[in-house]
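Next, two complexes with subunit A in common: one pairs it with subunit B, the other with subunit C.
And then the complex of A and B:
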């Protein structure tokens, strides 16, 4: 048993007051959850403290919220760990595992807030209908097979079912939506949860509308190319769904289906990005813009209307880039000036590319297990043995 | 006043399946749930769903396993229907999009499960309930014109007309606290079980026996309420479930001495005997000092190949890691029997009809009975789907047949007055709701669990009756309208206390040991006197007892060994 302080962001809509902070002292075993802590406060101190919850075991997806600023499920966050996290000194590296205390000698409270990117209804309860479920419905979230079903089951590749089981593992808790940086910038972004749901159908061999789905999601300016690849949703997801990975799968499937233009210029940006690194070894921001809109010599000699419009529209971005030093020097705007990596490193990059082409592997928990489980993966031949490779 | 032909209360698997089946008949359907449908507790069903679909397997074999599992208390006509219709239901789900595990040929693959004589459990990793429920919710979204969804609406009472037929439900919109009388020609209760009556339990906080209590209060009969399943593998203290699929994949049970003790209790089926048998074996080991000091035994999953664990027991890897700090692929995990499932419930026929015309029940709320004294693993999902569908279809055909009768406003006004009275209680006027709930849960887990005897059950019953009295003055802190969970907890507590009282009365009445009811004072099964259902009906002083016959078609009761 230990005592913890939960600092909860509260909002009582009928009080006429704005949101406020309230601290609750709770006493429980460190292995119990932040949700257990909240429920103790509710049971003992204040029954009006409102939080959606049901299963307590990270299955129902009710208790999405922010703990110490990170979107997560309260039931899946151990209160002892949350306390340690709240008291990690910023000057001590996290890996050091050292726990510090604030200067006053008292420990910092565990900060609990409602999810982000959603209107708050009461205390930790948010409106998921307008910010989550509406978007889920946007991706036509049901199977669309052609013709009558077979007499028995559809016969499909066993791997395809395991592949989409990762997105079926989504419990619709909203933690990814809460953490999504793209959605913060563009509230109309379809978002990580709904796009992961979309992959569940695109990846399903029984669905007959794959191409239509991909066209729809690529051509929507708030669709698959509205994701900025920031990894927040992967960090937040309590179920290992890795929504961003599903979005990347949708992009690859779109490309395989010949969808190479979109209002966000996302596909061309993706191609330019990978090509630059393949050729130069590092990302050259000054090249990225031009190559995204007007790829190669041909693109520059005969730029399309869209390319000119896109490049003109990007001038403010380019200027900001120059100002902040992201585009390191003006000469680099001239194609070919950016040097390759020294000492044969460029060849190493090419080797990585070749390897990736040959052994494209999707990260899927149902196949590979968790991070840090390389030992298992190696033992089962899923991953090349690093020792053998170096030998 | 919202009005539908068929109104479904509860949106887990039984409720969603019922709503879809009713909608197929072209009637107007409403589905009401106190949580968003995908939060329903069917999510927690991990292991799979049984069906004799493989060539070489037969529905008769599935039926016999179920009957034997039920300790011959299941009604064989109902079990026959469930097992015959199971294969078609699995294929229907597959066609809707459920991502069932495939074998190497790309066809549906199975895993072994407890109490079954063939590997006939179809599954999606260990998220089978979740995967099926999300697919059904996809279908509800697809058919939103036929099925109106009332998400986060709480039901406080059923409304009957002057002729005693069910014609509606009193509800509270949780978002704003407004009360509404919903009108319907048929009402289907699919509210799940009552696991929260016990502490700990594998059940979610929402499993408070709402449907069972509402039906009981309206005058419907309950059946087999003493039959409460303790699942053999739950985490000590927290009560979280470790799927039977783990044992289905080959995991062993070990006592503190490292002995595979099931050898002594079920030499043939070992860890895959029926759940009541395995739970009693574990509890015996623990009681006789061969368990660990924390009152547990060990489940050793390390004998299952790691690749298979990642693929098929993913959720359990996470449960072990996040809730017990154990990597199940590397070390055994400590488990014990824990409250899990309500075999009893609202007495229905094979089309979900209760004693009250117009009122149906399906899933864990109902007692058809296909589970009798003990439910087999992977039969609960099947029960929800088969009898959810049959209830939905029958409720729709009734709605087409009959004239609408209007529920009286008096039902609504009585409920409004009741809620206002609870909210008006002064702080400190009585005990806190949470205190009463805790005392109820620990009392039931102590006396009405794996092993029971008269004095203990009697003590539990007296405690429950005292708590019912105390609940009358229990106060709530929240006086508002928006998401007043405090007030709803008070209503739920009332539901739980009614469930508990019925379970105690029935457990006291059944003076034999059958299935989940093991009486240390009556340790033998007694077919002469007790091969019958115990029915309960609300009387002036609580539950009144009567009996009904067990339907036997072709399987005569015999000794039960595994």
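And then the complex of A and C:
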């Protein structure tokens, strides 16, 4: 048993006052959860402390909140670990705790806040309707099969469903939405939870509107090309859904389904980047800028309105670069002048590209596991036997 | 200390001052760098969203070139670290997949071996703290950065996802910039954006979101009293420094905060002059940093 201080961000709309911080000292075993701590404070100190919870076992997805600045489930976060996390820098309080140290004095409190990117209803309870459920409904989260339904259930090969098991693991807790740094800057972004849900149906062999779904998500300026690739949702998800990985899958599926234009120039950017490395081995930044906005400028020039706007918008930055000398050398100034890799190395890269034309394996860690398969590998002669080597 | 060195693309392109300052700093620290001049771009996560196997093979080639030197590998770009770690995680997880990728490389006399002699690929920041050591770094300081208020800016790719990036073994990797700043005699500025996204990955796709992210972080650091930011990621540098005047328009406020590359900050403390470290090439003026340092030295 140990004593912990929870510093909770509180808000009661009926009071007419703004949000404020309140500290609660709780006593419990370090292996118990932050949620257990909050419930003890509610029981012993203040019955009005409001928190949404149900199963206490990371299944129902009700108790999403921020602990020490990280979006998580309070029931899945051990209070002892949260205390250690808050005290990694003893002289600096955890995120959100900038307004003074714990009243108990010697250590930083565990900082508990409602989820981010959502309006707060009361204390730790957020309104998930506008930022989560509405976006989930936005991606048509049900099957759209064609033809008459079968007499009994749909029959599919088990292997064909494996790909979407990861996105099926979502429990709708909202932790990824809370952590999303794209949504923080662009509230209209469809967001990690809804896009992961979209992949669940894009990848489903029973669904007949895959291309339409992908077209819709690529053509929404706040869709798959609005993700800023920050990995926050991957760390926040308590169920290993890795929403950002699902968004990257959606981008690959969109390309495979022939969706080669979008208002964000996302597809053009990806193709331009990939082609430049084939030709040059390293990135020719000037060429990337040109090709992202106006692919094939030497041949047929078909930039979209958004592309022209983007290209014009980048001109002041380029001019400033010229002034300081950042862009004064020819390779930085003229797209395409960038040198290739030396001494046959470029041909080696091209060989890899030639192979990749026929090979697009997607190795899925969620399915294969991260611990490796060394025993099988040794048995099949793919790897040397470590025991033999040491012997 | 001798390391196989992958400088990345941007450090030899739009942020050439990063590659230049790294060379000076490495020499003064006594770190010998063997540059992998035949290695290719990490793909920055972009090639992987086109064809994951292509990205994995390209990075396996870079790892194999590094392993050929018999040395551990160092990069100076958070994005390289993240993109390469992602591919390495897949390659390391499954020997059959690794063998499949190595088959493509075999024609080039190359092969990536998992965990051979504890082989690692680390960002300069990780090398500095874990391998070089802060005590040794402290001994090399000739001009302590006393009084300089520095905001750390990590770049997403060295802080997330934690499991992939070795945080199980090194849980404090997201505090190393603070540790380095303090070792160099500087003062750490706490502000909201230190571990957030600079916005660079969507600069061509959603310019306004991207610039709002950059502008918000620079503004928050200024409000917290920062004299400058420091980052181990040249792509963050592009958005925070090169795009700063554009970001200022989006967040509708004056900015004007110097953004230093990690080797530049170390270089200043080792006694190099700002000009030697290429600080004049930045878009956001570094004059204020130079004035602060001069006033402390005087």
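Simple rule for what comes next: the second predicted complex is superposed on the first by the 269 of 391 C-alpha atoms of A that agree within 3 Å, B and C clash if a C-alpha of one lies under 4 Å from a C-alpha of the other, contacts with A are read in each partner's own complex, and residues count from 1 in each chain.
The rule is short, and it goes like this: a residue touches a chain if its C-beta (ideal position, glycine included) is under 8 Å from a C-beta of that chain, and two chains touch if they have at least 3 such contacts.
Bear in mind that the values here come from a model prediction, so they are computed numbers and not experimental data.
Undergrad: Quick one: classify A:149 as touching subunit B (first), subunit C (second), both or neither.
TA: A:149 sits against subunit B, while subunit C stays out of touch.
Undergrad: With both structures placed on chain A, which of the two partners, subunit B or subunit C, ends up touching more residues of subunit A?
TA: C
Undergrad: Where does A:43 make contact in the superposed view: on subunit B (first), on subunit C (second), on both, or on neither?
TA: Touch status of A:43: first partner only.
Undergrad: Just to be sure I read the superposition right, which of the two partners does A:293 touch: subunit B = first, subunit C = second, or both, or neither?
TA: second
Undergrad: With both complexes overlaid on chain A, does A:162 touch subunit B (first), subunit C (second), both or neither?
TA: After superposition on chain A, A:162 lies in contact with subunit B alone.
Undergrad: In the overlaid three-chain picture, which partner chain does A:18 touch, first (subunit B) or second (subunit C), both, or neither?
TA: After superposition on chain A, A:18 lies in contact with neither partner.
Undergrad: Once the shared chain is lined up, is A:258 touching subunit B (first), subunit C (second), both, or neither of them?
TA: neither
Undergrad: Indicate the residue numbers of subunit A shared between its subunit B interface and its subunit C interface, in ascending order.
TA: In subunit A, residues 365, 368-370, 376, 380 are touched by subunit B and also by subunit C.
Undergrad: Going by the contact rule at the top, pick out the subunit B residues touching subunit A in the complex.
TA: The contact residues of subunit B facing subunit A are 35-36, 38-41, 43-44, 91, 94-97, 99-109, 124-125, 127, 130-131, 134-135, 138-139, 141-142, 175, 204-206, 238, 240-241, 306-307, 310-311, 314-315, 317-319, 321-323, 325, 329, 432-434, 476-486, 489.
Undergrad: Using the touch definition from the top, list the residues of subunit C that touch subunit A in their complex.
TA: 9-10, 12-16, 37-41, 43-54, 56-58, 61, 82, 89-90, 92-100, 104-105, 107-108, 114, 156-157, 160-162, 172, 175, 178, 190, 192, 196-197, 199, 201-202, 204-210, 212-213, 216, 242-243, 245-246, 280-283
Undergrad: Under the touch definition given earlier, write down the residues of subunit A that touch subunit C in their complex.
TA: Within the complex, subunit A contacts subunit C at residues 88-89, 92, 95, 98, 181-182, 184-186, 189, 221-222, 225-232, 234-235, 242, 248, 251-252, 255, 264-266, 269-271, 273-274, 277, 281-285, 289, 292-293, 310, 313, 316-317, 320-321, 324-327, 329, 331-332, 338, 341-343, 345, 348-349, 351-353, 355-356, 359-363, 365, 368-374, 376-377, 380, 382-383.
Undergrad: In the complex of these two chains, what residues of subunit A are touching subunit B?
TA: Within the complex, subunit A contacts subunit B at residues 12-14, 31-32, 42-44, 46-48, 50, 52-62, 76, 78, 121-122, 125, 128, 136-137, 141-143, 145, 149, 152-158, 161-162, 164-165, 168-172, 201, 204, 206, 239-240, 365-370, 376, 379-380.
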